[in-house]
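Next, two complexes with subunit A in common: one pairs it with subunit B, the other with subunit C.
Then we have the complex of A and B:
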């Protein structure tokens, strides 16, 4: 202490100057560190997305593959699952979620999948770099800009288009035709070929679409049933009931603590996605925000967010906000932050996996809490279509110049084979008996469309008959978890609510049976105007809708917003999208 | 003799070398990238293969609907931060200087210095809770005194001030140290002389302490004027939300969205270049003013 004091006295001016340089350097450093760190703030969102993309635990395995071709019957010339000898090297890059777990002693680069790549395919697999999932796109954009690409990597639609235009990635057409197994082809073309089409440019396949289940991305209505009982309300039959219940939850003190601290409807600042997006709420009014839908009158595609159907929904949201049924601070809270209030609200339109996060944590603290999933009804109680995402949100591509582009196809074959094929070992490669989701470690993942719904059907049947003998190991583990909950262990409650007889997946099954899904009709590559205007328009959309909900702007301001949206690039985007549509 | 002087200076040159290299590699070399602002930059084609588009990127930026608002927000927020960043630390430094007990003084110094080490990612979450209109500590106090709760992070008229105050709370301890260091540099005999002339503590502060600090104050102001278009990306990014885009969106968050999210490298370079030119003008003017009025020169 003392010596320091004298030193700075003697040091005088040079000391202060040195300190100053130090300040500048540290602030510079910290600044750049934060630039990367702060995008991690969106982690809540990205967890949601990645779960959406993959599928909840225990979902591995499906019984419907009988029709699929036999993945192991190898054509002597093509050998879709043939082993490289000597082994080849393949590098990749990926975003990693903090929730990923591995078996004891394993990590991202050493696990059942990398061992399978080595032993079954002769591929020596490693990562050039990994980064937190939320920052993957940015980091990859930088890698693309610098031209320093791994051999195989995952991209989004915009990046795919840019890479194709720039000629940075390999043409996979012949690899795909020659090496993809029938079963791989079946999964990827399950949706009528749109998925593969979105990876095809000028007749050439440039990527393996990482298909996922579109129906898993649809919203269901979650209602807190123990509050319904407490307040003597009946289950909602229509959206009108939902609005009434939301207000009752906010004003009649359902948690009985004597304080006005509960809310009806959960909303977060991103409005869309996450565990409580508003898509489902708008769907109930026949509005389909953020996706392109066909306007029957004109036969053209129209952007859902700017359609007149949004107005009534916004008016009702504004009314809910006014009566205190929506968290007055939703405007500043991201999904993770809003999730901290999981014990304070009683309704939300959300994803099928919401019981895992954030509800299970709240359930652990409050065993009385219970939720039930409902399909979405309109104001008159008629079932309404729920919007679903395009089943491909990412693509696996190979860098131009890599010697073995077909290796990517083989990896996709292996994934399908190990997870869903005739030789599947889902408890080894999907979700282990200890509930470790080892499938996260796989690359070139392709998921069939409705396997979670099929899983729910078989699990429920087994539960009804008390006979799990027909279940695959992965489904059996979910079954066991549900039985565990029924015997009084609340920590596995989420499984009952997702896969049980009355669950989010049973609602999604209903959507499938009754054809209640609204797909995004635009699945082409992002148009030039989307590339340059989308982020400005998205910002404007969020700002305007949030203001209307919070009552800072009137519902009629929606018309002004639509006009501005159109003038500032929305009209051009609509034209480009319809040019694409006309060419289909 | 001359030879000896040179020999003595060699270690000094060696010591400055890493710094010069660092600046050269990270500040001068990347300047070549400015050409991107005048191109339609496609990464695969590089700087030499991309098409030249003249000033198109600048026209595009000028035509962006919210550009005026964004520039205004940036200047408004950072000007207020600049003023607060001078007044608060100097005041605290002067007050601490009057404190006799060394232990107490150092205790305070360390305490106010601590928030500097917390990242905005963490503080973002903490502040949302502390400033919450329903549950937050600050608003509970306001309500206790009969006031109406204020939505600090969700009200456009409050948001910029919230930014300034929270930023100052986090950073003033750090800048205070710079001024305290300047204070230790003042010759104690000046105080003795002043006391003999009958100056009390207040007069001593006005006529000895403040003039003694002037060079460092001028230096700090000059350097911070160059930062006038940096309104603090990390802070704003972690605290803003759609509700307060109107008053909180700044140039850096705009660059972030265009450059890193949309991957429109040319446009974001154009915005960045525009920012640098303005900053350069500011720093030149302030340097001239510092020379003119305080006779202070860095070079």
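Then we have the complex of A and C:
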């Protein structure tokens, strides 16, 4: 019986050979595609603008029709916070973080925010897909290229430009003008309108900029104060003091264990960003690496990394490295790895949050350890401007063809309103009494610039008066943490150093008051040359600067590097950026 | 035999042993470090005190991980995926390798078909067409999206070549003896060829199992919910994080988790344990020469 069945199968084989081949071909094709999936890391990145016309078919004209398309009554709907009746459907996509917490029984799609969208705005909100935050861009690029877009989603500057060029997203100009509340407009244009300008192409607004605080990205100087006391040094008044202290920390055995195992200045292999970037160090010399600043002599924008002011700073870094004040292995350590030395170095230029990570872990083991934040001074002790990042790192956009593009503006209104506006209920929508950060679940988030500095001011005031009654739950929990530390619990030390009376936030407050921030003057969409050259130029920069700091190249090699930078595309980028600047 | 070795030969052999031992130690040390981290307290790990032995020995990371719903969910997805995916791939590999192992006389399209398969190893449609295929066949966000598309992976073609070469090496007489007794191709394949090919089956099974266990990128692009991620995708997302370039104070909570090295180490270790255990069990099939002496005369 068995053999009979086999025979008939064989007979059929030649007959259906053609079909079989076809099937095999399809299978093979799928296979070969998956092959690239494995190595598809880079492919996904540049496909954004190649798929014009693949956007879901819909009447293009409907993009700017504000309301009334489906017979809804215009009146309540047309309000900035008006409710849709009947409710509309809105799908989105987002990156999630495993640290997001929700109230009991809630999840990403069912929480205070989605209920507010439903009840207050009549928006039936759901996610087409979610992905781990670090992979959001990759996944979105695939969705963009295959034309499979959610109704509303978040993009970065490059994706925004590509989507605008490909005509895949809706023009939000009229929605913005008509629906944004004054308060929303105030938050978004707080920085002089640059944020909104970066979302505007040919005079049309295509996105809501998700503003963050620029000042929070500036560097402060962190110094280990218990070592200062131990070595009988005074607090730094100028960069010259900082250099002296760094060398003293490395050579005079501040931890008293009789070994040469301490360092002055913490540096990691990325040089920029992370808890100990070198931006602040260079800022002290009037150099502003990796951002565009206006050159007063020519009136043109210039890239900070290749300016002559860098040279003196590099020479001093080289000198620090030579004297052993910098970890000799910094060139291979990422910020996390360098952070493991938190009990071995005594100085760094870093972010306001550094006490949380990596300092707190070291503090837990060594209760004697203490740090203090200082503003950045130049060599003569004058305050110097610290560089800040552009406050918009992502944009909320609406796909072309979605019937209610203004819904995105309404969602931003709602966020501003519930979080900071006249109707704010931060304990319900921001951080709950149980210290659950429910605001993560919101979409179209817009944050005001000086949020944290105001928080620091009110927490300090409450600490002075011993009266936390006026604080919101989020601030109250920080307040409690500081009180806990003051009563002897070292595990909450970091909060005192960030939000206490003398803290990183108080230094940032000083920056705001004395106008000590240097913003990136270029905030347009990435130019074509930036798209094609920037990453290789950045790599070259990193290699060259690291070599100079480690003494493998002399400081004069900086000039060669600048020449190479210019020849390898830097000059073209500068031209493009200045064309953009002239058009502003 | 040992006494026959010349001095230089002895030096060479012992040099080899020393070199290979060092190499093995080099490969093991990172694993030992991760294991030590997973048993250490997080303060010790955060300040870099842990080398190859746990500091402040604790099981808290393991307790934390085993209580973590995401980890267990993704573990479940991976187990399902490995069981279904590996058996599916094995079945198809055998079914393709068998006809392709025949001579051109017996199967006229053998050569073009073989080239067709090799072609797919070298060229592909790319990521976007693949994504659209998976989407249009409704496999997005389902377990099948992790199973069916993997069939065409380059490694599978490689496995086919491996298997068909083994099939070819089997004595032709065995097959002929079956045909004389009235067996068709189906019977020959499953009753004669496959039982004789345990070594290559074990090898290929190991390859496909490891492939399914490790692959993370398809989980990332085909799954629309993080709770549908297989283990490797999940691990990838917790280990590869942003360089914290744009951290605002509202992200303080995530910052605190970043320094959680011990929990990560525990997850890496639990995640790789099952696949490590597969090796010794498959090893006993790596026996050579079982067909020796099966053909007489």
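We adopt the following convention: the second predicted complex is superposed on the first by the 499 of 584 C-alpha atoms of A that agree within 3 Å, B and C clash if a C-alpha of one lies under 4 Å from a C-alpha of the other, contacts with A are read in each partner's own complex, and residues count from 1 in each chain.
The working rule: a contact is a pair of C-beta atoms (placed from the backbone, for glycine too) under 8 Å apart; a residue touches a chain by one contact, two chains touch by 3 or more.
Owing to the predicted nature of the structure, the values given are computational and were not obtained by experimental measurement.
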item	value
Touched partner set for A:556, first subunit B, second subunit C, both or neither	neither
Contacts of A:138 with subunit B and subunit C, given as first, second, both or neither	both
Partner chain(s) touched by A:97 [first = subunit B, second = subunit C, both, neither]	second
Subunit B versus subunit C as contact partner of A:343, first or second or both or neither	second
Partner chain in contact with A:358 - subunit B first, subunit C second, else both or neither	second
Which of subunit B and subunit C A:434 touches, first, second, both or neither	neither
Which superposed partner A:333 touches (first subunit B, second subunit C, both, neither)	first
Residues of subunit A touched, compared between subunit B and subunit C (which is higher)	C
Contacts of A:269 with subunit B and subunit C, given as first, second, both or neither	first
Touching partner for A:146 - first (subunit B), second (subunit C), both, neither	both
Subunit A residues contacted in one complex by subunit B, in the other by subunit C	5, 9, 21, 24, 30-31, 33-35, 37-38, 40-41, 138, 145-146, 337
Subunit A - residues contacting subunit B, complex	1, 5, 8-9, 12-13, 15-16, 19-21, 23-24, 30-31, 33-35, 37-38, 40-41, 137-138, 141, 144-147, 158-159, 162-163, 165-168, 261, 269, 271, 328-329, 331-333, 337, 531-532, 534-536, 539-540, 542-543, 545-547, 550, 552, 564, 568
List of subunit A residues in touch with subunit C within their complex	2-3, 5-7, 9-10, 17, 21, 24-25, 27-38, 40-41, 43-44, 47, 96-99, 101, 128-135, 138-139, 142, 145-146, 148, 212-213, 216-217, 270, 273-275, 334-337, 339-343, 351-353, 356-358, 360-362, 364-365, 389, 393, 437, 439, 447, 451-452, 455, 498, 505
In the complex, subunit C residues that touch subunit A	42-44, 46-48, 70, 109, 113, 116-117, 119-121, 123-133, 135, 141, 148-154, 156-157, 182-187, 215, 217-218, 220-221, 224-226, 229, 237-238, 240-259
Subunit A contact footprint on subunit B (complex, rising order)	19, 42-46, 60, 64-66, 106, 119-121, 124-125, 128, 132-134, 151, 153-154, 174, 177-178, 181-182, 184-185, 216, 219, 223, 233-234, 237-239, 241-243, 245-246, 249, 257-258, 260-265, 267
